[in-house]
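One chain, subunit A, appears in both complexes that follow, with subunit B as partner in the first and subunit C in the second.
Right, the complex of A and B next:
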């Protein structure tokens, strides 16, 4: 993944961590992190205390690494005027100045970014519209629901048009409709060329929107990249493949003879078989032969554990998984 | 991998100067503060000493008005003059009032941000911790200035106009003393209020702590003096320290000084002006250190 990224993107298009460690006194935040994050939606997943928020705080310049170097689009956090121009951060904390309305909250954020009054007003309205909060913009934030608060925080994070958006648990507390809207927004922003960095425990949703995933546990990055690429590298766990066909029992009996097949489990309706194999390529070759030589009619072949949830379980375990 | 269109356009327009951005913070602070009727009433009350002083200055300079009120027509018959001592007592009266104002307002500025982990909201922008402190402190500085040196300098101007001649120029040291003396006190109480509220993160407790430092430390200092028969306990008495500095600024002879200790009993001795200055500046520095330690975007958790 890394050499591919390096060849495809220039320094000013990447978020780069070079041997970064962060310790809070004796407590490890993250250790020896080497990452290059390309544009698109990138999710950080890991159990509580894995180092996700530390990584995000490093990315947003809120903390400095104990060791190593962080550059966001080629800019170090020590150059705040340029650095914060390209970074937008939405924290996981539900904190707002007292008595402020949604519009005032976003407007103030833009004034802190240095936008003049008129541009700040326009920028606030644009960002609020983008998160579908226009109707509630003049209401006090204190009266917002949790989902509305999440969205207004999102509005302040995107209001200054950053190139890198860092969103800490942005789907927490949202109802299904708001979650779907937020995910669509993240995907749109990613498709427009932004870096959208998300941390989340909701793995099946992470799976849907992420271009790449970074798996963290106990302060270490255990894997990174596109999910199926990461899955391919987890060689000690047999690959699960679901085959749907009319005569699944015939497929199962053939596969039992193969030494790379660990398990073949028939589906309840007898029209499907779940295979666990140590060599997916050999399995696909065999299945092709059965189709070509024996006239096997296959309805569908689907990888059953080529998703964030399964990779998470293989790499990290079941701790902190929220499906 | 998605195809990235790079259609996103970052803001490229003009920006306000970086130095002016801290002024965003006081904007809502004032509207929030003055929603409290108690605070608004107390703030108005803080102007009473200046209003009374304005009346006194007018009467002192207008014998006809004094006679109408049954007073003497001759200025020499009055037991006081409009001089450094007059403004010194005025400022002393105001200083106690603004200390309570700072103790009330200061914790509402910082403690809620820390308690709610709101600092990342401010600090993930081109906005430093120094600017954050400046922004929050500017609320206190504006409030406290408007009730001390601003009206006092206006009173100085009123006296200069009514007295005529070259009073304005011959008493220039009073204007200087008003400004420098007020600025020092405002800086110290503002920093103390912000530092204490950053430390305890709880508004009510922070207000109590600030008032506690004021009275308890003074009491402890007094006990220290009595037990050890010394005067260095005054170093713990904020009122005493600022009084010593103001007496020097307004050119008012103190009861005694250490350099003239001679046969003066210890309880009548004064600490040197330089020591008072250094102690107050050290206190301000300690408050800055505390703010530097507590105002972090990320709470450091040690386990």
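Right, the complex of A and C next:
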């Protein structure tokens, strides 16, 4: 993936980690991370303590690498006046300056960008509207629900129209409606060519919106890229394929004779069979022969473990969290 | 100046003003700071009681005597204790308080130089501290002379009286400038400001006993010579009120500003290295 990215994107379009390590005393944060992140939605996936937040904090300069170098669109975080005009970070810290209302919170942030009063006010209102918080904007943040606090922080992070948005667990605490709206917002921003970096435990939702995924565990990046590509690289786990057809039992019995097939499990309605095979190519060849020579009528053939959750399970070893 | 540089300067000015405004809104006139207000206004309450008792004929005192008492209040109370601890309360919270409340990152994630954040917070702190202690000193001055009827009023309005007031107010502001810079730095360097505050208090207290070179590394050394009235040296308290080797008045103000600027510059260097790790707060 890396050479391809390098050929397609210039330095000022990439987020680049070069051999980055971060230690907190003796405790490892992340180790030897080399990444190049292209525009689009990128999800950081891993269990608690994997290093997702550390990676985001390094990306935004809240912490400094012990070794290595981080550049976002070619700009180091040590140049905040340029850096934070293109970067917006919605952290996991559920805290706010004392006594502010939602509107004041976003407005103050824009004033820190150096905007004059009127522009800051308009910018704040626009961002607040984008996260559907207009009705509550004049209330004190201290009285907000967790989901509202999450949304107002999101408004603050997007208020200056950054090119890179870093969002640490942005779906936490949101109700299903707000979650769907936020996901649509992230997807739109990614489609507009922005970098949207998300960490999340909600793997099936991450799977839906991510252009690429970075899998982390114990401070190491274990895989990165598009989910399908990453799944292809996990060769020691049999591939799961679901075949839907009228005579699934015939397919199952035939497949049992094949040495690359590890398991064939009938679906409850007897119109489907789930195959686990060590050689997907040989399986597809066989299925083609059955269609061509035996007249098998196949309704659908779909990979059953070509998603973030399965890849997570294979790479990191435990079930992903699906909320 | 090029157009780009002019724009950058204007943006930084806006940012500085924004930090000052936000800090004043967060910290100015909040119940949490009641003890700072008490430090600022306690002498005025005592002087007010003294004025009432004098007017009711329960207390007999001369105007000169009250002038000396006022000098003692400013030099022994305000400069040594009131402003010292008030500034400790105000300035150590400016950065450490944000870390405790986990909101410092909002500043660090804005396109603003960290030095401007320090400077903005510092200016807000100096404004607030100068306001409270300035009003406290003014009230003490006013109440100290108002009960002397005609003599008191004419002293207050005379050149001497006004020059005393201006000197006390200037010393108050300069004390806030000096101690403010010091406690801004300790708030950055230490999680618990009590221990460094005690060390600084001791250092400032023994200033009169220190060798000439070391004397210059304190705030009180530059403040005392600016006070218009000497506290009599016949008491133990004179040890804390009079410097045996005073700096010349014309050097005191730039000297204090240089020391404060040096401390503030170091605070700016330190904040560039700060990392957000709220876990330890």
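Rule of thumb we're sticking to: the second predicted complex is superposed on the first by the 319 of 323 C-alpha atoms of A that agree within 3 Å, B and C clash if a C-alpha of one lies under 4 Å from a C-alpha of the other, contacts with A are read in each partner's own complex, and residues count from 1 in each chain.
By our rule, a residue touches a chain if its C-beta (ideal position, glycine included) is under 8 Å from a C-beta of that chain, and two chains touch if they have at least 3 such contacts.
Worth saying up front: this structure is predicted, and the values here are computed from it rather than measured.
> So if we stack both complexes on subunit A, do subunit B and subunit C clash, or do they fit?
Once both complexes are aligned on subunit A, subunit B and subunit C clash.
> Output check: A:242 vs subunit B and subunit C. Expected answer is one of first, second, both, neither. What do you get?
neither
> Does the superposition put A:39 against subunit B (first), subunit C (second), both, or neither?
first
> Figure out whether A:26 sits in contact with subunit B (first) or subunit C (second), or with both, or with neither.
In the superposed model, A:26 contacts subunit B only, not subunit C.
> Between subunit B and subunit C, which makes contact with more of the residues in subunit A?
Touched residues of subunit A are more numerous for B.
> Between subunit B (first) and subunit C (second), which, if any, makes contact with A:119: first, second, both or neither?
first
> For A:189, is the partner it touches subunit B (first), subunit C (second), both, or none of the two (neither)?
first
> A:64 in the overlay: touching subunit B, subunit C, both, or neither? Say first, second, both or neither.
A:64: touches subunit C, not subunit B.
> Between subunit B (first) and subunit C (second), which does A:291 come into contact with in this model arrangement: first, second, both, or neither?
Neither: A:291 stays clear of subunit B and subunit C.
> Between subunit B and subunit C, whom does A:266 touch in the aligned arrangement: first, second, both, or neither?
Touch partners of A:266: none, neither subunit B nor subunit C.
> If the shared chain A is used to align the two complexes, which stretch of subunit B, 5-13, 221-229 or 239-247, clashes with subunit C?
239-247
> Shared contact residues on subunit A, subunit B side and subunit C side combined as an intersection?
Subunit A residues touching both partners: 24, 57, 60-63, 80-81, 83-85, 87-89, 91, 93, 95-99, 108-109, 111-116, 156.
> Across the complex, what residues on subunit A touch subunit C?
Residues in contact with subunit C: 24, 57, 60-64, 80-85, 87-89, 91, 93, 95-99, 108-109, 111-116, 156.
> Would you pull the subunit B residues touching subunit A in the complex into a rising list?
Touching subunit A: residues 1-11, 13-18, 21, 24, 27-28, 31-32, 35, 112-113, 116-118, 120-128, 297-298, 300-303 of subunit B.
> What residues of subunit C sit close enough to touch subunit A in their complex?
The contact residues of subunit C facing subunit A are 8, 10-12, 14-15, 18-19, 21-22, 25-26, 98, 101-103, 105-114, 273, 275-278.
> What does subunit A use to touch subunit B in their complex?
Within the complex, subunit A touches subunit B at residues 24-27, 39-40, 57, 60-63, 80-81, 83-89, 91, 93-100, 104, 108-109, 111-116, 119, 123, 156, 160-163, 189-194, 211, 226.
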